[in-house]
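Structure incoming, see below.
In this document, chain identifiers A, B, C and D correspond to the written order of the chains, with residue numbering beginning at 1 in each.
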Amino acid sequence: MNGCIVAFCCEHSAYPAADLAGKLRLHYPENIRVIRVPCAGRVDVIHILKALEKGAAAVLVLGCEDGACHHITGNTRAKERVKYCNMLLKEVQIDGRPVAMFNLSPNAPHKFVSAVNEITKIIKESGR
Amino acid sequence: MESKDVLVVGSGISGVASALELANAGVSVYLIEKEAVIGGHSASFCCKATDICSKCSACVVSDKIKEAVIHPQITLLTNSTIKGLGGELGNLHVEIIQQPRYVDEERCIACGLCTEVCPTDPKAIYPPFAEATPFSYILDEGLCLRFKGERCDLCRGSCPTKAIEFELKPKERELNVGAIIVATGFDVFDAREKGSLGYGRYPNVLTGLDLEQIFTREGYLRLPTNGKEPQNIAFIQCIGSRDEGHGYCSQVCCKYAMKLAGLIKYQNPDTQVTIFYIDLQTTGKGFAQFYEKYKESIRFVRGVPVEILQTISGELEVRFEDISQGKVCRDNFDLVVLSVGISPGKNSWDLARILGINLADDGFFDIKHPLSSNETNIDGVFVAGTCQGPKDIPDSIAHGIAAASKAMQVLAESASQGRGN
Amino acid sequence: MIIAERKPMEEIKQAMAPYKKVLVAGCGTCVAVCWAGGEKEVEILASQLRLARSAEGNEIVTLEATVERQCEKEMVEELKDKVAEVEAVLSLACGSGVQTMAELFEDKPVFPAVNTTFIGMPEKEGLWVEMCGACGDCVLDRTGGICPIVRCAKGLLNGPCGGTRKGGKCEIDPEKDCAWVLIYRRLEKQGRLDLMREYYSPRNFRAVKRPGRVQAVKA
Amino acid sequence: METKIGVFLCNCGGAIKNIDFDAAVKKVAKFPGVTCVNLSSDLCLEEGKKKMISCIRGENIERVVVAACSPEFQEHILREVLEKAGLNGHLLSMANIREQCSWTHDGDVTEKAVELVKMAVNRVRLLQPMEKKELPVNREVLVVGGGFSASNTALQLSRVGLRTTLLEKEAVLGAGTEELESFYGFDTGSMISAVEVDKNIEVLTSAQMTEVGGKIGDFSVRIRQEGGEILRKYGAIVLATGHQTELALDSEPQLRAEDEAISGLNIVSQEQFCCMLGNSGLETEPKTIGFMFDFSDENSRFTTLATLNNALEAKKKWGSEIYVFCKNVKVDSEGMEKLYREARDCGVVFLKSEAPPRITAENGRVKIEAKDVFLGEDVILACDVLVAEELYLPAEGAENLSSLLSIRRDSKGFFQDENVHLYPVGSEKKGVFFIGGCRGDLDLGRVLTDISSVVMKVHELLSSGKILVELEKVKADPQKCVACLTCIRVCPHGAIQLVRVDGSKEVAEISDLACDACGICAAICPAKAIKFQGYRDEEILAQIEAIQEL
């Protein structure tokens, strides 16, 4: 799985934003695989670690904007878990591969595209 | 026989909200819309979140529209308007005329083949704006060669699902419903009426709505003239509200201006933003901490400018009276945004004539009694949303749900009378 | 319940360095409740180990298992065939779990992955505080239900010491309430302030025979 | 025996050009468990669906993968197609090869499309069927509060056929409606008598809630009234506890005069001024009156409305000179601009200043100094009565009520978290609603809209007496649960409770009625005891497995 990004997309915000990016024909790099989850709070640390184990170059968790989560605390939980996951990776000296959380709303396709571009740039620089 | 259906006129956010509530309560709803796509103005507003959601509710609109389109109890009729009304409370007969929609929205799969083959320029058949629902293509009679007498059949030939049909006449329908909810929304104030501010003449003078479309389409702000990032932006409040022709505050302009200013400062912190205002409306739930955050970084000037001139260098020179210093000043800005307000819909005139509802003196639909802002002078006909008066999105949704509740009570009473007599 | 905290990763990686195939064993009760050694933490630790070792190019195979309680011989017995396959066992249970595992499978080295800290309770979600030091001679009846040995920084019996700060805070840790001030206030509320005048004779902690043994009479 | 999976690819009427569907069909056919792969061009139309149903029946397929456009508008239609074909609607997994693959990447994306299908196939293989069921709900509603909004809600609910209980902690109903009576001619007496005579409404006065348990459709509420405690069951709870106002002078030190005690002077609240207007036996009619608002609390719709009404009334009744000190006049409610204009036409003087005015006493009259923005200089005014600014605060019981119901409050302490998805009257716990003053600074028009909205929402939830839910969509396995209470503390919707199962162990139980299917509990459970159908760990990890291992 060289240079592939695994993106956990919340059903209420990130997934519709990705659809909207499609309808607007906004182009973004092809090496992203989207996994639909009911809420960013559903993504667990083990999912991120297993994705990295499988060889993912980066893992993205995309949830609702801060304060606009359909399930109130879903996106804050996800932010905590991504921070915990980065701490776990630093413990084993694997910090070349980014694990990042982005907040966006269903009518903000440009944020989805800029998130993907940003992470792809980081991967290219670290020469994964 | 008492009918248990409800007709909702206009599919803006308050029409959709009332249709959804009634449908969830088991009532079958006809949702008619004069445009080809549903959602009204608020469907194309951008998300103004910075590092935290700025509570503008634009995303709630897209959620509710998606819910309404797939709801089994809601029948959606686009391109249709009301022609006539008859019958009495509990059993109203409504004549609907549906303009032909040459592309059947049930069958169109938005594949885009028709646009490729269409010979006209600009294209006569084109996709609606991206977040439109139903996302089916629109055929413009004015541009299509077929309607100018030529025998062009390219798009119909190439359509894989046979969704295009030309020989269609306006269709008339007769619905009998228990109650009607009018939610025809508002018209944006045409900033060209304030000639001295130069909207339409100077490309860098935009309205609030234009700014929303720019952020929705591009996601970031560039000057229309040279595509560079604006360094110095001015928002001018109360354009088309609180003046002679409009004796009301449109309630939304201060909020969307400040939230857009917050978004611009977030995307590019060293942009200078100035807001010219009469009375800053910093009210509403969740607005307190937003206002605290941007109080210092945005320059607030009390006093609304009267004239904007474009200098040779393309900058806009704004002449205004800075009341706190008590003298007339001039300031140069790269971009000026006119926060246009809400004015009553032009088509509410003929709708009022057809349905027999009174219009209030400021042009919005009148209500029977100040203590019940949904009921009109005709029993069984209710109003919801901005067609009754300016409201922001959360208030429009609440007003729509309230109208649905009143319609529900009319259905319950007429049904019990039905059983009674 | 018993509270434990996962060992730093450096220690675990060094312990596991010589082995190619290990069993990561979790325990389903106390350490699961305090997020240290439950099934979730087993998966996370195993995945971390695999990631670390594959980054060094020295792959490791991990088997994962979580039993209801690791301090029960019959339950640990179920892991017999898995332990047979591996070179070492990494147990996330508390001290008594690790030792039960070590006793049953004496031929395989058993390594602890968590440090068993104390008997405690959750102050709030995710934060556990020590409540009982298992000293074997409980005085809670005379202190209104607040244990001075554990919750007083110096473990005094005839407190409070002279250094109590303003607002009833502990001399050593300004954020911490002085246990004896809490005791005083609670006894005052219950109208049993006379207990404060009771003199505790010095306690001989060495007299307690280690390891303790409790023989139930029922049998 | 491998479960039979049917894959339906759709090339969207031939418009998807950058996917080589023939190669894709060959590759997909090789995936384990896939028994039939069909390519069609109109899955979302009638004819496409008929072909799909016949194929599912013909090949007796057990799981279906549809690789086409976004599930946004198609997923629920395709679930119905599966039901028609005799398959459980939940056994469907979709691969978005149009909006998120063909339309957003240029160049050939066949490989990505095939991988997306493989991810969907891996997920669909593990999906389990789910049943829907209608669970009974209690149709009684508890309305907490006794003021204008509470009584009107109860009246309207009874008109729609729902029984309500009005719970008022004071001894009598109708508190806080003086201003409504004087300005809008509202008659509290008739409202209260209508409530008393209505058989659908049961009034419990000087009563308070001591404990609330249960969930939507089955709240068990313990009520203490005159020493006795009763336990009642309700389907929904509506909080209408209103607000309280506090003179800004007491709480704002900088408004206080430097040293003199100003309590002796004529400084009143809006309500007291309203009563002064009401009683005709006033010994001296105030000649000059000062009003103040919008300095310490900029969210001041209610105070602005009260000020304008009081000022107009005082002008008509006593003809006295009226000066209003404010920062910004908050006119963003219905009809406020007209009222503001009417006030100015009658001669009420509005003085706007950035800094709050200084208030001092001067031989028995209130002296106010403020730097007016328009004049640019200090204005000094001595007036008989000063109607000081009032802070709009939540009612004092709000603190323990919110802990009783364990619901969140907004940054100013009012009910309802500042989350746009809860507006207008919802809370994060299904079945708990807030209306009127208790959820923020609302003028009369918005309070009335709240009342009708909550009547609609409660009617929609409870009127049929049952709610359709998906059974055990999120389930905690009693064997594995160690009752560590983490999920109970973490659930944002309060849908999980500790329950004693077959007499022995206490375990967490997730109620299908209250659960909003977010999965936060499933992710955090340390014993991995909570299974979320459709998004279980195995189903997510299976999708990860499918990535780039063709």
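For the reader, a short list of remarks on this structure follows.
In this text, a residue touches a chain if its C-beta (ideal position, glycine included) is under 8 Å from a C-beta of that chain, and two chains touch if they have at least 3 such contacts.
Only a predicted model underlies this, so the values are computations on that prediction, with no experimental measurement involved.
Compared on C-beta pairs in contact, A-B and A-D come out with A-D as the pair having more. Centroid distances built from C-alpha atoms place C farthest away from subunit A.
Nearest to the common centre of all protein CA atoms is the CA centroid of chain D. Centre-to-centre separation between subunit A and subunit B, using Cα means, comes to 33 Å. As a whole-number value, the distance joining the C-alpha centres of subunit B and subunit C reads 61 Å. Work out the mean CA point of subunit A and of subunit D, and you get 28 Å between them. Subunit A and subunit C have CA centres that are 36 Å apart.
Those residues of subunit B in touch with two or more other chains are numbered 53, 55, 59, 66, 286.
For subunit C, the set of residues that touch two or more other chains comprises 40.
Multi-chain contact residues of subunit A (touching two or more other chains) are listed as 16, 23, 44, 46, 50, 67-68. Contacting chain pairs in the structure are A-B, A-C, A-D, B-D, C-D. Those residues of subunit B that touch subunit D in the complex are listed here as 21, 24-26, 53, 55-57, 59-60, 66, 69-70, 106-107, 109, 111-113, 133, 159-161, 242, 247-249, 251, 254, 279-289, 291, 302, 323-326, 370-374, 389, 394-395, 397-399, 401-406, 408-409, 412. Residues of subunit D touching subunit C in their complex: 480, 482-484, 486, 489-490, 525-528.
The touching residues of subunit B, when paired with subunit A in their complex, are 45-47, 49, 51-53, 55, 58-59, 62-63, 66, 130-131, 135, 216-220, 286.
Residue ranges of subunit C in contact with subunit D, taken from their complex: 28-29, 32-35, 38-41, 66, 125. The part of subunit D that touches subunit B in the complex is made up of residues 12-16, 41-42, 44-45, 69, 72-73, 76-77, 156, 159-161, 184, 186, 298-301, 328-338, 341, 352, 354, 373-374, 376, 410-412, 414, 416, 418, 420-421, 423-425, 439-441, 444-446, 448-453, 455-457, 459-460, 463-464.
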